[in-house]
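We call the chains A, B, C and D, going by the order they appear; numbering starts again at 1 in every chain.
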């Protein structure tokens, strides 16, 4: 496996993200029922569906991965809606900004990009770790990615550990009491359920990083 | 449970609904070509601050039923229970602005707050004056100490009425925001539900509930409230809601209130009048006078079974604005 | 199935509902002391023919929600789905009569016809001028050859609107009866339901139906219609209802109609707008123009799931009367 | 058993009628569900409930059975409501009129009274035999009563045969297609169900005539 990531790989990874969300659409709706409003799968899938076109129409000759991610983020912000729209949209926009001008991503770039992605969620959502949101999936995945990088692991290992970090993060939300978003009004009653946003973030990371591993 | 609904392809349902809505109400409303935004036929209305609202679909007559004279100028229409995206809210703002600025009225949901907030920034960056008022009337959704975390529910109707009437009078944006915020601050609601709605997009119920249970303090997207209990009598449940609402705002003997009893979908008006009777008895016991009563379906959750009680403490200005005539699509007052 | 309703003792439910209703709408309505009759606050209105209606309870906003200026003067309130007794109708007539006579508006049910008929005779024997118009708009309830056996359903709203507006203009009884009969003759309806209501008095559903079935041509007390079928799409069922209605009255290319899409209780406005969209398409195909559209719950069957489509063929006079302002309790028009 | 009927016996019989209807309240509602509006038991019981007071308050010294029946009928007409109110009310009023001034009913009086009762239904409801209504119970019961009388049978036998006639009449409605009232719109779909009014009439007759037998 190559130690850098091309724009083609990113495009492919984005398609895989859409696929994976679509596969889990109803599961995400179901997670959003006991502590939310039962629409998370719908909202995420509808918003991400549109990015396929952005990706497909992104001119062949343009090679800037940052620009691509910004275009994706802008689409999600402007036409995504729901809570996840501004959150994922901002995350992609910030991620794009962090790697603007890059035509290949090195492991270091990837770490930087993902830090910005997590930062976008934090900034837009005014959220902390442990608030029982998507941030609880995304930030741990960044930490794992960074740690693996600092330990000098291979890109493949980095990606694998980021996915594991995301999964642990997602699962951690089950025992948390929500502090942000719709479920934050439930107090103790929010405990015992995985946060739907944490789950969709996991599916995004699983597909995005996973496809980079296989690729 | 099979889904019994009169729909066609679920993915077309909002578009088809809007198509019907615009034909049925073409004397009062038009649709923007570029975005899923409905606006008052004569918007932007010269000399008037624009009132913009919006949110997820599935709450009919909210939001689009409140478009009209003395009420709302433009609505950004979201998917079922999903806040409208930034671009859509931004287009609604532009469509409502006649140069005197725009007030955004929205419920306190992170989706709405973020999307409306970003749209507001976008519009401001283009020189449009935009303010917003966020409704947080649901006392069941957070303790009083964390009031700014509460959900907005049927109380938003009161904001539209008051802000809409003031805008129609020609007031400026600052004034409308100030009075709108006072109306919201004076408004408290609480609801109950015994039957979920079925989301037409997924065919799934918005929540699970036992055959003899009800959810006290439910949100109008089926969000859990304070507790799950056995069904109670109309008087018992109304007493529970009304006292909780009354105790949250320092209502005092001699106060005047507007009462809004809102059906969430399938609860009959007959039941709601039985419940209102109890609200009136309790208010009378407290020495609180009813200024005006609204009874009906104002902010539903598709066909959810349940209702909510909203009280707004009145002052002379709010009374004038509540009593002003209006000519909304589904909210008309002489 | 457990009964989930917000009521107290079933035997008190009508009285409690009326108590709430009178408090909530005390600026528009009062109750007779002697009988379960609600009348317009300023009734009898000098110089005006009185419009009296009534029927069984459980159809809210009908009947009492139509009390008000430009609409109905007095309502005799029956038990759930039971015609009001003679004495009650008689007292309603007396309360509405300002010396110019009274028009009785009623649905074509043997209970209503007999009770209103006997009350009419009683009042006439005391020198009050009384006429009546019987609504029979439900095309599903009998073939055209037996039109006088048809049920009255949501079309009664059109009669109240037209007769009420004409009475408000000061027309005499003969004229109002004549125009009211023309409005009824020009009106056709048909409904569909997929879910019964539960009678609060008995806790039993108004009819039995399968999980995937609906009843085409249902009456608004849950009476069977024409046939039991599988659930259809919104477009299919709307097409079925609309064509049947259209073919019953010799509607012609170039005609103008008022459309009323009436929710029977728990069907959401969202669905109804989807269905209305199809009505509009069909009318446009037929070359029929829509003069005015009413969308909402006008004549329910508690929380029954379903809706009906009503078309009234307009003429210049009917247009003027339909468009006249009115200020009913649950039916307001500028 | 005496061959004539006193006002006390009539009063007692009326109480028994109320009791019997009450006992069958839900059954009558249920019969009214498939071909009507599910309220017949409610309507009949509520209306007949009120006649108990009429009967109890009818002055001891007044002995006129016709007057009593007229008072009962008037109450049902004026405050009964539904379809059954004018029908049963008129029937009782007409029955009272037929025996006005009588302080005892002979078998001949009874026949006359019941003929008037049936006639009241027919007049008010514009109904014929076979229309699938209460008349299909009441008129056959009159025919049976009259026949037994003409055959010189005892009062007891007359009453028994009237009840049997009523029962047969009620059962006959099951196979009929309705021509009157709410069910008349169902055409063939009304077949296969006993008419609720026919059933309430049977319970009235069963209790009224039955209590006269036992008494």
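One rule holds in what follows: a residue touches a chain if its C-beta (ideal position, glycine included) is under 8 Å from a C-beta of that chain, and two chains touch if they have at least 3 such contacts.
These numbers were taken from a predicted model, which means no experiment stands behind them.
A.B. asks: So, what's the distance in Å between the C-alpha centres of subunit C and subunit A?
C.D. replies: 55
A.B. asks: Report the inter-centroid distance (CA atoms only) between subunit B and subunit C in whole Å.
C.D. replies: Each chain reduced to its C-alpha mean, subunit B and subunit C end up 29 Å apart.
A.B. asks: Taking each chain's centre as the mean position of its Cα atoms, how many Å separate subunit C from subunit D?
C.D. replies: Averaging C-alpha atoms per chain gives centres 33 Å apart.
A.B. asks: For subunit A, give me the residues that contact two or more of the other chains.
C.D. replies: none
A.B. asks: How would one label the connectivity among the chains shown: line, ring, star, complete, or other?
C.D. replies: Contact map by chain: line.
A.B. asks: Let me know each pair of chains that touch one another.
C.D. replies: Chain-chain contacts present: A-B, B-C, C-D.
A.B. asks: Taking the complex as given, what residues does subunit C use to touch subunit B?
C.D. replies: Spelled out, the residues of subunit C in touch with subunit B are 1-2, 4-8, 13, 16-21, 23-25, 57-58, 60-61, 65, 194-195, 197, 200, 211-212, 214, 231, 233-235, 237-238, 259, 265-277, 280, 290, 293, 295-297, 300, 302-303, 305, 307, 325, 327, 330, 332-334.
A.B. asks: Can you list the residues on subunit A that touch subunit B in the complex?
C.D. replies: 26, 29-30, 33-39, 41-43, 46, 77-87, 124-125, 180-186, 189
A.B. asks: State the interface residues of subunit B toward subunit A in the complex, per the touch definition above.
C.D. replies: Checking each residue of subunit B against subunit A gives 56, 78-88, 109-111, 114-115, 118, 140-142, 149-151, 199, 201-202, 204-208, 219, 221-224.
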